[in-house]
Amino acid sequence: MEFEPKLVGFLCNWCSYTGADLAGTARISYAPNLRAIRVMCSGRIDPTFIIKALYEGADGVLIAGCHPGDCHYQEGNYKALRRYKLLKRILPEYGVEPERVHLEWVAASEGEKFAKVVNEFTDKIKKLGPLNMKQSIFDSMKEDIVVHESAGEEKGGEADEA
Amino acid sequence: MPERVGVYICHCGSNIAGKIDIEKLAGFAEKLDNVALVRDYKFMCSDPGQNLIQSDLEAGLIDRVVVASCSPLMHENTFRKVCERSGVNPYLFTMTNIREQCSWVHIDEASSTEKAMDLLAASVRRAVYLEPLEKREVAINPRTLVIGGGIAGIQAALDLAEAGKEVVLVEREPSIGGHMAKFDKTFPTLDCAACILTPRMVQIGQHANIHLMSYAEVEEINGYVGNFNIKVRQKARYVDADLCNGCGMCWEKCPGTRVPRKGNVHEKLSLGPTSSIYMPFMQAIPAIPVIDRESCLYFQKGKCRICEQVCERNAINYDMEDSFEEFEVGNIIIATGFQPFDPSVIKRYGYGTLPNVLTSVEFEIMNCASGSTGGKILKADGTEPKSIGIVHCVGSRDKHYHEYCSRVCCMYALKFAHLIKEKTDAEVYNFYIDLRCFGKGYEEFYDRLLGEDVRFIRGKVGEISRWVAEEDEKDQLIVRVEDTLVGAVRRIPLDMVVLCTALEKQDGLDRVAKMCSVSVGKDGFIIEKHPKLGPVSTATDGVFIVGVAQSPKDIPDTVAQASAASSAVLSMITREKIEIEAATAEIIEEKCSGCRICNNLCPYLAINFDEEKKVSIINEALCKGCGTCVAACPSNAITAKHFNDKQIFAEIEGLLSAR
Amino acid sequence: MLKKEIVYESTLDHDFLEEIYSLPGGHEIKKCIQCGTCSGSCPTSHVMDHAPRKIFSLIRAGFREEVLDSNTIWFCSSCYTCSVRCPKEIKITDVMYALKRLAIKEGKTKGKKAVVLSKNFVKLVNKYGRNHETELMTRYIIQAELFNAFKFIPQGWKLFSKGRLPLFPHKIKNIDQLRKILKKVDELGEI
Amino acid sequence: MKLKVGIYWGAACGGCDVAILDTHEKLLDIAAKMDIYLWPIALDFKYDDVKKMEDGYLDAAIYSGAIRNSENEEIAILLRKKSKVMIALGACAHLGGIPGLANFYTRDEMLKRIYIDSESTINEEGVIPLESWNVKEGELDLPRFYNTVKTLDQVVDVEYYIPGCPPVPLQIYSALSLIWDDMLPPVGSVIGAGDKALCESCPRVKEEKTISEFKRIQQVLPDPEKCFLEQGLVCLGAATRSGCGARCIKSGVPCRGCYGPLDDVPDLGIKMLSAIASVLEPKEEKEIDDVLDTIVDPLRTFHRFSMPASILRRKKE
Amino acid sequence: MKYTYYPGCSVKATANLYQESIDAISPILGLELEELEDWNCCGATAYMSVKELMSFAISARNLALAEPFHRDVVTPCSACYLVLNKTNQYFTEYPDLRKKLGQALEAGGLSYSGNIRVRHILDVLFNDVGPEKISSLVKKRLDGLRVAPYYGCQIVRPEMGFDDPDDPQSMDRLIESLGATSVEYPLKTKCCGASLMGTEEDLALRLCCELLTGAESAGAHCIVTLCPLCQMNLDVYQSKVNRLCRMKHNIPVLYITQLIGIALGLPSKDLGLDKLAVKLTKPVKEILQGA
């Protein structure tokens, strides 16, 4: 079966979420892989959310906000941009391809663009393959978990949870 | 008792049911933690649909609601109202968008259903963490404060007053009128400025609904939309406004000199009396003089008191002190206008060192029939100039000073050229980079000037000096310029040069902006809410901007904006109440370390630092809930109500761990 | 000079602009608004084939030859008046330098006396570490002004007689160091 | 009655133990209140004695150091069984600490670097320690060197954390006194530290922040009165729990984060990243890049002490 | 006040009179100028016209040599001032350039970190010594002397910061501190054609003619300069200007340091006054002697 990536999207309420809705109203079909979380402004997106999503099993995370200058709250998108840029720089340090996190400006009128962005992003992540962050972290720790005669049961079992 | 979530799945006819396996989705929902019941219905937004929720809530079967249907942008409010009707806090409801972002955009039923399951799981998890929020409404005080009494403030105040609303107009100078009161004619129609402005000024002075405070400044503004507390300082005029009848005896006899009486024509340019007790110009409103302390002999040297003696109404009071007035308003209109750029910093243009180099505002005063030259255009020595140069873009369109175009100088330069041609025999040169004549009748005005033999040279003046190379240049100002259209560098000897100086942000605008919690842009002018769709509103509810305080513009645009702002204010007032955002951010004092990371981030300046407690605080009336500060606070001391970390984490986990 | 005929796009060089703005701050020249402040301020613009402002429009339009052949760049005395006045803060003087270097690189130096002087100056500095005016002028006169040599005599003599013209060059002690630096620059390639 | 206590060090530098000793005269108080049953760095005990104890025999075990190898883990599990309360002492046990930086590499990379590539090593045959081998007396073994460094609470349940690298001695004392005074807070709490971020106790003047360039401490002479961050020096004080007494700050260097994150902050490094990025000055992409270029090695800087305790724990292979 | 001194090639040759006067006044003004050991030519305009990076590199060598002394570098030559300053400025502003220059210097066993301030001697005279101090040291007030302050172009541009690029005032104040009058001289920063004198002589001469005419019509007795090239053009070439423009200019062109020296009461031979091409005119002499 073809790999179907799981993608999480953080969309700002005013432009991108509305743009995504417009894609719906206009019945523009696009890849079903992205699941959106609505926030009021791209400025609300804490990089921790993105890291969390990657950990929890997302293969890619899309951030979408209003075009520069169009932010409903004036400047939230600039803050999003700066956080995004710094986050991208550290992803390789985690062994994560920076392309897995992507930011786009999508206006409320850009239903078509939203669909295109999701399709392209889905394709890109398909090519990159699964991320499997949580699993692979625990896999790389598997052999570290030693069962000690003296200690009987141990607490290394978190890996099971993954 | 753990949270009990009710899940309602909408078919939306076949809009959803056609692409999503409702049965499967409902089955899936039933198995989710905290889900107390799952129902599905053809149209959740219809009355019977809504009633389903209402009866479950009223029966106490559930305490939070998830509706999986269309976009929250469509029906969030509908279902919030259902909760409210059922006596449950509307913020305990959340919506799952399985139509616009699911059934309408995906072709394959299996994957649509899967996506819907994930989205629903996320909503259910989120619902568990939802918290009730207070909806807040505030009453709107029907009184309005207008700051600045130029044409912008005058127009706005009159519009409101005519509609029967109270206005307090605060003007910093002794008289209202602003810059327009200094003009003789206005482009492009060449109407007499006084003829159109004076009647309005008089109306302001007399209107029962307008409380005019001239020679006054706003000191403090607190509060928020509908309820601003204002404190105004009334500066001491030393003349009792109730007694003075503007007879003019005092300034006729006053020996003090605010504007030098001797000296050359240009040094003593003035519209009103040159004495220490003065009115800025004769049509001033209020028609009450003030004493200029700096030049008054009594205040400076302790001797004189002539005005006191000559005033038959005993209106002079040297002991007067600044007083304060406090009142409340519901809305604020900022109409503080501009100040002209000071060209003396551009040394190569010689303003301030070379005689006969004037600024445009000085030239306006010279042209004003009631001014010190009686409307005559004169050189410093009192003779009539034979040639005049008008230099455009002085301090505008220049990275060293202001990058923006000041928008009115091209047109007033043409007006000047016309006035010069009308009043003198002088040759007129316009030195321009581009001629920006875009308004109604403006190009026609340019066309007319071309016919009046005004010389146009396309090129920004390199320098103005008195360095004489040839006999016929003697005693003249030499303009060195490239005539870019001809491609030649020219030296042009002139008798007088007028610098079309930029319109720049009014001195003190930053303070006004800060008091009103609005921001200023790179150019120093106040930022409007939206450049196209909100040109008179600001990011702060209840604060409006008009005229040049927003950006350089001419009188027609200023007046249009003023009327727009007053109708926006009226629309607020007639609503009587407005609802303010409930989903704001909040700083938990016990967690805030006072690092001040967040202090600069709020676009609405809602975050302040409490110097005493050393923590930051959010003024919730100003906060719009964008969440920018929340994401930044490294102590997680700020929570975004309705979008807090726990809720979003739950959503992320829900999206990804469902199947 | 511009020929008086219709100019075909194919004869223009639209990459010219790119070449110029590889220099530090160079991309600013895109922003020129053709106001003419530079030309109106330049002390030598009146003798230039094209005043500085026009150089910018020629560069933007791709008139490569006209720019590099013009006397403008050699008449620029590096007084920086234009640079400090330009409302767009374009580093005009730096562009003039860049054009000079480009012209030299492309051999557009025929009849350009300034090139002879500059090149000899560079040679001397590379040789001694310092300029030696006597030798510089001698070399220059021989190479560029042999037939006008006599016109340099009075001022030369004046300087010499006042003890203001040393006969011998001063070579810096660590000329090797300087040469190593220059060699390295050569390897690195120009900017 | 005196408390029965065991003290142990896992992957640690010994600093935490020294910090206990550095309580100076208070050490006598400690000795008066507690009987020590294990403390390899200071006294001679046998593991076997511990193994022989009945479960829960000790009142408290104080464990410093990260879990880097099987021995660390084995003793952690042993002590957990034998004690009523488990206390993680110091940044390593709490967050992974400096050893946790190894999580940016794999086990093999680490061994290669340590035993073969390091500048001070001559090891032509490329010998790497074996886990076990036979000699004529029998089989000898060494603990297994793990691929991933873990925090103490990733291998056993931990009741309390005393943060710091090393913890401030007086804070250790006051944390211990909670035990004998029976005033321990809810399980899972951080003790011997503050509730707010370091900025609160930092003596430097804090203002609104906008940063247009980052510098490193060795490149500048910072203004001694002003917040480091405002001067473009990466200081983790805003995201780090107070309790250290701002000792780095007072010695003129920015906070590096050893006291760990605040309650409810799941990832100190990423939160700091967000905070710093939020207060940058530029808006244009290019300018943002220019400023970001000046932050040297951001992730290791933000996660100097907390990588194993962060959401992603280690570099993915 | 101790500085690292960078004289520049001209000051060692055609402008040696400038040097002499600097040497003479420095001790009195409390200036210690320690010449930078083994400095090389800054490259001036000519080098920049041929090679950009090389030009920056040779200029940077001087800065690198000066850095270990941790003192401001002072130069009396406007061209050197501009070039060294520009090197400094671009070095800090453009990372690419900085990197390459770093590598080049390294090849010569040098390094530079950008921490040297380059200053013109006028800046030092005006800001560090100050007109008040100079005025207090004056032995012979130059009352009645009308002086045209000619700054030339490169000292105030591109915005090096210590004075206004269009209307500098520092030298005017110094002249006044000596008791002399600084006349209104609109051409004070207009270019003299310095670097063009060799190659485009006619043009340069005409520029000089304008400057001389301007000074004379402002009623100046003499022109005072602070740049070796300006001084040479206006002084040594004055006769040639006259021939080309059919004028009869006869106006002495002194260095500001010479003028200060005179007011401080130093003998004219110590100030290199005998090396001027245009001899001091009678009215000037009278004022100077009478002073």
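First chain written, first letter: the chains are A, B, C, D and E, and each begins at residue 1.
Keep this in mind: a contact is a pair of C-beta atoms (placed from the backbone, for glycine too) under 8 Å apart; a residue touches a chain by one contact, two chains touch by 3 or more.
As the structure is a prediction and not an experimental result, all values here were calculated from the model.
Common neighbours of chain A and chain B under the contact rule above are D. Counting C-beta pairs in contact across C-E and across B-C shows that the higher total falls to C-E. The greatest centre-to-centre distance from chain C, using averaged C-alpha positions, is reached by D. Centre to centre, using the average C-alpha position, chain D and chain E are separated by 62 Å.
Between chain C and chain D, the centres computed from C-alpha atoms are 62 Å apart. One simple way to say how far apart two chains are is to compare their mean CA positions; for chain B and chain E this gives 51 Å. Shared interface positions of chain B, i.e. residues touching 2 or more other chains, are given as 348, 463, 601, 628, 631-632, 645.
Along chain E, residues 166 each make contact with two or more other chains. Multi-chain contact residues of chain D (touching two or more other chains): 271, 274, 278. Every pair of chains in contact is given here: A-B, A-D, B-C, B-D, B-E, C-E. Touching chain C in their complex are the following residues of chain B: 348, 393, 397-400, 433-434, 458-463, 480-484, 487-489. Residue ranges on chain C touching chain E, taken from their complex, read 23-25, 43-44, 47, 74-75, 77-81, 83-85, 91, 93, 97-98, 100-101, 104, 113-119, 121-122, 125, 129-133, 137, 140, 144, 151, 154-155, 158-159, 162-166, 170, 172-174, 177-178, 180-186, 188-191. Within the complex formed with chain B, the chain E residues making contact are 164, 166-167, 184, 186-187, 210, 213-214, 217.
Here chain A touches chain B in the complex through residues 4, 6, 8, 13, 17-18, 20-21, 23-25, 27-30, 32, 35-41, 43-49, 52-53, 56-58, 72-76, 79, 83, 115, going by the rule given at the top. If you check the complex, the residues on chain C that touch chain B are 33-42, 45-46, 50-51, 53-54, 85, 87-89.
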